[in-house]
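Next, two complexes with chain A in common: one pairs it with chain B, the other with chain C.
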Partner chain A sequence: MKNNLNLYLIEFAINALLRAKSKNIFILVVFTLLTALLTAVFLITGSIKHELQSTVDALPQITVQKIKAGRHYDIDTSVADEILTIAGVSEAVPRVWGYYYFENAGVNFSVVGIEQYEAQYKDSFAKLVEKFDFEELSSQSSMVVGRGVKEVMSSSYYKEYFNFIKPDGSLKKVTVAGVFDGDTELESNDMILMSKEDVREIFDMQEGKATDIVVKVPNPEEVTTVASKIKLMYPDTRVISSTDLKISYQNIFDYKSGVFLALFVVALFTFFMIIYDKASGLSSEEKREIGILKAIGWRVDDILKEKFYESFILSFLAYLFGILSAFGFVYLLQAPLLREIFVGYSQLKTSFELPFVFEIQTLFLVFFLSVPIYIAATIIPSWRAATLEVDEVIR
Partner chain B sequence: MITLKNTTKTYEINKNNSVTALDNITINIKEGELVVLKGVSGSGKSTILSLIAALTKPTIGEVIVNEKRVSKLPDNFASDYRQQDIGFIFQKYNLIPTLSVQDNILLPLVPTNPDEVEAKAKLDRVMEQFNIAHKKDTMVRSLSGGEQQRVAIARAHINDPKIIIADEPTANLDEKLSLDFIEILRGLKDSGKTIVVATHDPLFFNLDIVDRVIEVQGGKIL
Partner chain C sequence: MILAPEVLAILILNSIFLLFSLVAFVLSVRIFIKWDMSATTQEQYGLEKQSFLAATIIKYIFAIKLPLFLFFVFTLDKISTLLTGAMCGAGVVDATDYGSYLLILKLMNLYLFGFWLTLHYLDIKSPNLPYTRLKFEFFIVAFLFLLVEIVLEGVMFGSIDIDKMVSCCGTLYSSSSTSAISGIFSIDTTVMLTLFYGNFLFMVIFYMMRYQYLFAISNLAFIVVALISLIQFFGTYIYELPTHHCPFCFLQSDYYFVGYLIYSLLFLGTFYGMRVGVVKMLDEDRGKGFKLSMIFNGVYVVLVTAYPIFYFIRNGVWL
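And now, the complex of A and B:
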């Protein structure tokens, strides 16, 4: 039975690509790089968006901070009991935490105090107290650290313990009891968990004081009302709702997205320059070849089919290579250079891995931005040449 | 079989200038005839061949081949006509230099998506017939002029067309190769093909296989 797919035409198209090897390899490389850049931009944006969304979702609904002379001070833990009397509030937890600057690596760690038998304001902490006994850790002066912290400390030879320098200059030795993985990379990587008592000692915080208070309101509609009630009760506090935090996170993200958008535009611009160059005309040799094929009996549609195969093979290969390179670049190599644009704002952060986020729409979007446009840019000038009078072309 | 009726062909050079390549000519060529169009360069011989092969359309008049008005054929039908009925041997051969001998010869068959066995049989037949089989894998750019011409003839012949057209076939050949070509023509005529050759080579004018010599001058038939 005769094959409906004209393999002779496909073979001719492959031969045509190989005949102009150098030119087509150049196009393939440039096309692959552009596709890879476009895809990498989409993948990094998707990953970070996902990461930020998870972080934002994990934020407390209301955070109450004591403000004095425009600066943040420790707050009385008794305020939490007062807040609990407000209708609609289910939990008010005083948090004891702070940043500890790790000079050897030039990064800040978040040191968070955990009370074993207290309501935990994060699900991830609730899981941790099941795994580690923070009362026992307190008696041994031990801590549980995030993966990033462990790596940074190990690289400075603090594999089993670390000496925290207290505000009065004395040292507090705390041993590493375990490593945890948080729900999100951004959140957990730079975190150190220990008993509240130890955190107070490291930061020289008085008993009965907390860094801030987080408030849980089961009905999200009531968050704004509860926040304004707290503000009325304690005018010397700053009451931050999760909505405010979401906006500030989103602002950072939007700014970074702008940088990526610029990269994206540059990639697209370069791609369209190539397309424009291709669409603006064929070389006299290419025109002559089309004329010869018509003179020996090829129809216009045979020529267009052949050109379609040629451009499809080239652009689809570039698309595949570009996609694979982008996945390797982003998820295996962790997007060197590009990634810094996004996570680089946080010199304070420890290492951060881009989470794998696969969206089929991204693949379709990159496909439609590249392959059909390249095919059209090849076919249109070929169609123009193929519809000229043969005699005019080959003479 | 081939009729050019009151045909004029004018080429537009630009908005204000045009050149009349053929001026109201009429030619009739019978089936199986070998006709030589004689004339100097620019006399209009090649234009007559292009009109017969439907590579161009007349400005006035019509071209009829096998009762088909080829001058009125839409583009795709003209391609089909060339594919089935015409074998054109161009002056500069018009081969694709970066393809091998066999790939060049197979080109007219490619759009028809032929059966592999059938295509190979046709290919072997013409390569043997025109003595080019030993070079089948060679790139045509590395062939001599005579070999390139044999490839062009084999390509023109692969579909076994009824009409063979040759434009200045011996212009780039030495005398020995020109005589070889004439022998090939003899074979084609013996097999019943209608042949039209445009040339100013005197070798053709007194050949026993030539049925008629038509002299073209300044776009007119003398």
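And now, the complex of A and C:
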């Protein structure tokens, strides 16, 4: 196939673009904004997905919940000892935790109970236990809070302590002993840590009961088998493995960016029409130019090629600028406004950082959604221009 | 239905292809019916202009389809993580009844569009455009294949059920499986390898003798033989695992995406090889495709041969 690049033709195309400066700059700016918006959405979902999945990675492989009448229910701590007898299980820890709704600020705190001399199911907790003695905290009835929680509490003038309202209406005063940072902000921002006894007291949970049980299985190949064994032993439980969680995260974010893209199609289509219109409206200047080119011996193919170079250069530049500005927008400015679409469940309204995640597939994806569409819009107008009658336009 | 952005992107581009190829199809039919090179009518003059539009559209579609095919394979790999049981593209292809047909059709269409371009370049090189009717006749056929491909692709992505369990490549391509693929495992490895290298040897001989038709036919046979030997023999050395025969897994990052290189070499080599036959059919005697075909096929053979040899050097045994 003969596809030699003609450098003079490319130079001519660049000059042609520069000659119609205002028109092309307008197209460039609009197209850059479009690609930037699209790229930013994919980058944000990529980052959040990464953040959540690394949270899942830090968790134990299996979570066991008791289900009663289709609802989550407290589970007996003795179940953990039974699970520990299954071959392949290295740890089974009953967790005591829950969400505490703080009406004043309209947020949910995750209140997590920690026992000092117990194997910690999270590395970040293990570090905390070294720093704070939860036995001691319990005797003083105090707690360690995440950064976001601390801010929310201070804004409600709870600077030294916090009053939890127990289910029977009485108050429990817990003093703030310290602030901690987690590995990822998404998990630690809304978290309050205190001893298990205190958590039980706040939620009115019986001794010997736990919220759920987390199971550590060191060999990833055995996770499925262990999960099915637990399910057989306790048919009234819901057994969730970390791979299930990962797949559902993937699904949720694919779905979110998919919906965004589906809406975005409208914008792309509109853009397609604008380009088609812009490219069709040739000024008499441009018509004369094409007429002269043909008169001095350019073939239709040459003009088509030159027009293709023009649209490719323009759209590829817009693509590059779009990608770069999206990277700046998401990772330097932390994607104001746009991020809110993707972060928003029962969480503290937090200020977590989007971690830098670079996936080359995003670049390809955005490429296929931008450059070919622009070029497609210019095919028919270019052909119209290229087949103009010489004698009609120069006359 | 999977609403992954990759799938949507493919569907959006497909709808653009559909729109434009429809235009090209209408123009092709008109040109095919009314083309008369010797006429000096207004109509013939208009047709000549329209042939440029049709050709540009077809070139555009081909230019996007080529990278999009790689992207499609990549997408199959990506959505395989969503399907229970699937570990690579094989599971996704097998998830619906249409997957394997779609893949074959996609490949075939790439070859068809490539041949169309060959025809086109031969056509516009000559001042009296000898093949214009022929190339648009050819496109009318190619358009139907393209149409089937686009419909099939939409149906396939639409009918993938995320909650349904699919088979993993380990079972799909196991030697004990009873599927159609198991037939190729009944072929003896030595026979298989003799066929593979014999075929390549013939190709070299035909290349030296410049037998164009035989060269093209040996290339056509080479696609089949190479793919079967890749699944049955060479693949196991890429994985260094005697039981793993999957032709998709080596497209993944664990094998440094080597599959993309392997398949590109094979398909480019055989495309140029068969192109030689097409050119010969039109009595245009040019040997340019010969060399390119030999280079790509040669590198392919060296690459897949290197895997077992390096394995043997490192471990001292064959799998």
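Everything below uses one rule, namely that the second predicted complex is superposed on the first by the 223 of 395 C-alpha atoms of A that agree within 3 Å, B and C clash if a C-alpha of one lies under 4 Å from a C-alpha of the other, contacts with A are read in each partner's own complex, and residues count from 1 in each chain.
Note that a residue touches a chain if its C-beta (ideal position, glycine included) is under 8 Å from a C-beta of that chain, and two chains touch if they have at least 3 such contacts.
Bear in mind that the values here come from a model prediction, so they are computed numbers and not experimental data.
Colleague: When the two structures are overlaid on chain A, which partner does A:Phe42 contact: first (chain B), second (chain C), both, or neither?
Modeller: In the superposed model, A:Phe42 contacts chain C only, not chain B.
Colleague: Which partner chains sit in contact with A:Leu365 here, chain B, chain C, both or neither? Use first/second/both/neither.
Modeller: So A:Leu365 only meets chain C here.
Colleague: Would you sort A:Ala262 into first (chain B), second (chain C), both or neither based on which partner it touches?
Modeller: Touch partner of A:Ala262: chain C, not chain B.
Colleague: Between chain B (first) and chain C (second), which, if any, makes contact with A:Leu193: first, second, both or neither?
Modeller: neither
Colleague: On the A-aligned overlay, A:Thr387 touches which partner chain: chain B = first, chain C = second, or both, or neither?
Modeller: A:Thr387: touches chain B and chain C.
Colleague: Thinking of the overlay built on chain A, is A:Val145 touched by chain B (first), by chain C (second), by both, or by neither?
Modeller: neither
Colleague: Go through the superposed model and pick first if A:Val300 touches only chain B, second if only chain C, both, or neither.
Modeller: Both chain B and chain C are touched by A:Val300.
Colleague: Touching A:Leu9, do we find chain B (first), chain C (second), both, or neither?
Modeller: first
Colleague: State which residues of chain A lie in both footprints, the one left by chain B and the one left by chain C.
Modeller: 2, 300-301, 387
Colleague: Would you pull the chain A residues touching chain B in the complex into a rising list?
Modeller: 2-4, 6-9, 12, 15, 19, 289, 292-302, 387, 389-392, 394
Colleague: Give every residue of chain B touching chain A within the complex, in rising order.
Modeller: Interface residues on chain B, with respect to chain A: 50, 53, 55-57, 75-76, 79-80, 82-84, 86, 88, 90, 94-96, 98-99, 103, 106-111, 113-115, 119, 155-156, 159.
Colleague: Help me check something: in the complex, which residues belonging to chain C touch chain A?
Modeller: Residues 2-10, 12-13, 16, 20, 23, 49, 52-53, 56-57, 60, 64, 67-68, 71, 74, 78, 81-82, 117-118, 121, 124, 162.
Colleague: Write out the stretch or stretches of chain A touching chain C in their complex.
Modeller: Contact set of chain A toward chain C: 1-2, 42, 247, 250-251, 254-255, 257-259, 261-262, 265, 268, 300-301, 304, 361, 364-365, 368-369, 372-373, 375-376, 379-380, 382-383, 386-387.
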